[in-house]
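Some structures are shown below for you to check.
Both complexes shown next keep chain A, but they swap its partner, so chain B is in the first and chain C is in the second.
Coming up: the complex of A and B.
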């Protein structure tokens, strides 16, 4: 993930202050836990208040919490909320949608390692070459359940189950093009 | 005489006194006289007989009322009863049984008929003689009345012994008559009713001994018959006729000789054997089946099929299915005729031909239903289903309606065609109002089959707006009102509120104009340079019109300004915007060959007026002066130069039909036409696409409003329930596409009207 300038600069300062090595994933985790409101930004007061409310008052504790959170991510439920939060973090400032390419990038980083059976590559192909339009929050969120509940050959997909239209169109395209 | 004076023993050893025996002899004598009398063949008694019977009655009365028996311990009534019974029994056994047992076949029937009749008389008169016993003695529940007692005598003495034979003969007779022979009905009936009477006020004997067997035999008989008929050459064609004939025959026979309760089960047996197993064969038979009858419009045959199959459960459903398929086929044929542009009546618009043929098709079946199918609702439903199929094709269906356009084949909807048809009907000068009304009424019936009613509404609004602006005669207004009324009845006032608004504007137009003229004279303004009649349209009611920037000629400008002044005074906070694309004018010109008055659109008029200033007009200049888009100028000049009435012509005289920016046009001084006044038609833009698009957009709002409304009241709902409910609520207006509803839901989620439940992604929640 790439950070925006102000956030990065601030973080660098923070990093220097705290002398911790903090990688991107952890940064996102922290932001998630604090419920940071703006993408790629972690305001100073936001950070401080967040740390306060989480009861973290030392670098050591922060490190410990971070590793706790990281291990919690193995639980699908926690990961789902983490993934959902990632939408707000990944979108452009003031935008309510994510451009297709950015979305695909994020998915490759976040989802691909977790879900080996689902043809994520096919999905990405569809989104970037056929759909091409931006991804809404609802579609982003629904994708999580989609890749974990739908069979790799899409055989158990049911249009009447309230999946977003994007999924309907993907399945239709995949079947028509005989890609499954 | 008796040993003790206390309670006397009743019993067989107690003998009645001599006085009793003497009286009894009188009874026995009377009885024998009765027998002789009857056997003599009489049917109605002579007065002597009556006297004798009265005498017998008196004897019984006296014996019973003297109470002597009680003193003696003898129950005289019981004794009398017992002896009466023996009289009858003896008579039967000695005379009747012997006779009857010997007979067989038809002779048995005759004998039974005779003896039974005789016995009836015996019962009647004997009962009269011993009537006093019936008044008191037999009232006891354990003692049969005289009639019953005597019937029971007959039952055991005669009936039981012959009933099997009798049954056999009865059935043989019936079968014989079925085979076409004549039989003695009276005698047969008598025998059958014997079975009934032997039941003594119940039908038990009859049911068990006769009816059951009769029904069984009937079933076997007709099972065989039906197989025989089917196997015959051409049997399938005549099968139903024969079946009906048989059913009628059995019905008549049952009425005349059987117990009334047998008719039902008997006819059911026929239904079960003749009809039920063969329904499908009869329906599907290639030359005489339902489809074939429909094809050749043999209503009588269809009527018979209906009568017979309505007797069998589920029989009509199959028939209705075939009717539906047939109508659907005919309808789809109409669709392809339209799409391939096969000629309708000359000069008639394709839409008119199509709608007319749909209405004719509909009427054809109305006649059939009324005449032959008793207007049974299963058929009206079938017709409705069929119409709904071919009237509402999907774009991808092979029977979709198409029309040739410059880009190839374009999809056309029935919504548009029907609206266009109504438009043409209203504009045509009809002979009578009733005629017009009848046609419009039928068109509304067709309307109810259309799924996309909202699209119809759009076309109708557009077309009606044009009608109202061009023609202001009262009769037309009345017809418009009547048609709107019909639509209102089917769809409710929400559907027609805008149309009514348009009509209201129209009817107020004259009023406004009068006031405007008054305003002019009273304000002593200069008279208007031209005859000017504006019309005010309330924005919400009328379809959206494009605004233009037309710069009108001076004469027009003055009128417009005057009206704006008047209107500002007459109303408050209203803004007037001129829609010149809707206006029309009359322009006069003295041509070389005579003066002419031309009915033209405002745009056409403005272009023509340009020629007043300069003899030759450059297209580009015209565009700039009038401030209209090039396409509009091009179309207008095209209509004036290359149409039926070319009042202007190319300056360069080239024989081409184009309009370029650099072209020059001049007045065609040599122009001539016979009529003094004529209309120069303007090219009307193809609106189908824009109307369809407007409708699609409107639908988006309607669907969203519906979803929000549903979610607001239900708070949370599953995906399926929400979609089902939405479709249901909108079905009277149009049938929404599932995907479109989904898209709207997603859009509403995006705009935070709804959200998905976090645990159950299939569930939506309303966000206040």
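Coming up: the complex of A and C.
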């Protein structure tokens, strides 16, 4: 853990050192817990201070904490907060939106294992093939409530409840294409 | 003696008195005038012949002429005579005894308490007589009308006989009425008639069926004997048999009209329905007449109800679907009035169906009108609306519900296209306001009122405002209004319809024109200048936005303009003046060879022409350079100079309508025109399609801003609102049509821009971010 490294390099280093997988959201969790401020970056001082305040002083402990955090995610509130943080941390610098492809990647990592009833694949297909535009923060955040409240066949969707237009369009498309 | 007498007298008196009493007791008390006929006066019996018995009673008896008891065969004799008389009446022979005598006979019998016997005998004789008559009728072979005549005359005869007999037996009648509850003679006859009619069922049915056949024949157009029918129905009523006739009559009528309507409605097209409506009136009238002429008044209501139901109510849907459009499109007012009347009848009550048909027709026709050519839509619409109003007032008696239906249906189809009707209406009014129309001012006012009617139906009033204001500005600037009074009255009507905020700009423009004149009149230009300048000063906010193009003016022009500008700014410090070149018109004095002309052109065109003062020929790129601008307006201006009716410039090379940079132009030395002052499209009076689109786009942008402003305003005041409430609040505040989806999009954008945020827990709750 030397100095400020760019995301990728650092991830590699981390991987080597800590064998933290970057294919799941462990890295993200760490970033979240230490409240990393810039996307894809874990600043050195940030990291050190973060570890200090969390009381982690060894690799083993870090690993243990990570798995603790992972299990804490079963609590919806923690998960929601974590998910919201993910938007800020995985967007490109100075961007206010996330591109469709990266959004889909993040969703697959974060949401797929934890919400089985939602047709995430369908949603991802829609976002990448039909919508194609970047995802705004509002849409990202609303997706969380969306996936937990909607029925698997989208039958209980109510337009008048104030979902973002993206959800309206998704449901319309899914019904028209008879995918549900 | 005197003294003794008095005492004796007293004694004698008392003894006499006592004897009188005794005698009285002994005497038989007989009624006066009856019995043995003797009358006693006091106690004196004169007939006794006893002499000297001065103190006895005095009797006086009177004997009657006749014997005191009736002869035994009195009753029989009387009845014999009466019976003969009755028989004579029945057989129409002359009665032997006089009627007076007969009357007295009856009276005698009644007086002698033989009334009841008499009654019974009479009853039997009458009964037999009636039965005999009925038997004859029953055996009759006659049919149809002849049968009815026969029956009627039988009834007549019986009635006459009964009348005569009644006269004879009047006393019996009286006593019967007073003492018993038996029917009087007349009633008895009627009762017997009725009894016979009921027992001879074959005859009864024959009678009723024949009558019904006659009625059916009359409905089919055959002439019948109405008097006969009247007499028969009166007969039936008299004998309380009418209801037995009425029931099959009503059934028969119903069947008749069911059949007739089925036959006539087989065609299912417009003219067929029109004829059918007339037929209904005819039939209703006929039946009313029928009731008046030869039926009982009680039949009226059920009969008319049957007719109404079976001719109209049952077929109301068919009538409307097959015929309504035809009637409306051909403006068949008479038939429509009938239709309304018929559907308003108490047993029909199908006005709501009529209204629905009207609504559907209006929508369908309206949509066709709106799909027509742009140039004719407004006129067709005005005509259509005028027709609808006419139909409503003359055929539907201007009933409220019909007015509402018309209004709602018109609004429905007019607003299918969100902006076209508003745009076209504004254009139409523009043409009417300009001079050159065929109508006089007086004719125009009501015409504009009907235009306003259409305006009220349009939801996208802001589109109308944008186009109307633009055209109004042009009319004012180029003094192209036919009548300023007309313009002002129309503006006040718009104000009344939409509120003052709608017309502030229009009124501002009018005011500007007046003020500008005043201000300019105070300006004294320097006399040296050979350019005469007229300036109009406009308040920017009132007028539509115009493109401000940069052009390079020749020095003389810019001097003149600067002169005015300094004057004005001297007068009104703190104001900013911006010249609008695209609105300017110039009058250019030109010499073509030997002809002098004055050309009225736009500023751009003037600049182009001025160029040819110094250069013989110029290419388009040169022109562009000289004038200082290259936009489409310049192209259009040059096109007007080259291709319009008045060809001031000539193009040297061949080419199409487009102007290319390489095109070279010269002045047309052979320019001819019958007028000295030649007008060349000063400012484009006709709006190009681009301009129209521009206006429409501006309206849409303005709407977006209005939605945003409304959202922010609402959230600011309410701080937190649920999604559905926010949407409905915005809908009530906005004056133009807008979709929920559009509002949603704006909400998202405002969230993005951090005007609001979503609640962390509740998905559909928004909070205002201060």
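A few points about this structure:
Note that in this section the second predicted complex is superposed on the first by the 145 of 180 C-alpha atoms of A that agree within 3 Å, B and C clash if a C-alpha of one lies under 4 Å from a C-alpha of the other, contacts with A are read in each partner's own complex, and residues count from 1 in each chain.
The criterion applied here is as follows: contacts are C-beta pairs under 8 Å (C-beta built on N, C-alpha and C of every residue); 3 or more make two chains touch, one makes a residue touch a chain.
Here the structure is a predicted model, which is why all the values come from computation and not from measurement.
On the superposed chain A, the positions of chain B and chain C overlap enough to count as a clash.
Touch criterion met: A:141 reaches chain B and chain C at once.
In the superposed pair of complexes, A:96 makes contact with chain B and with chain C alike. Put simply, chain A uses residues 96, 136-139, 141-142, 145, 159-162, 164-165, 168 to touch chain B in one complex and chain C in the other.
Taken in their complex, chain A has these residues touching chain C: 96, 136-139, 141-142, 145-146, 149, 159-165, 168. On chain B, the positions that touch chain A within their shared complex are 718-720, 723, 738-739, 742-743, 745-746, 749-750, 756, 761-762, 764. Residues 96, 136-139, 141-142, 145, 159-162, 164-165, 168 of chain A touch chain B in their complex. Chain C meets chain A in the complex at residues 722-724, 727, 740-741, 744-745, 747-748, 751-752, 758, 763-766.
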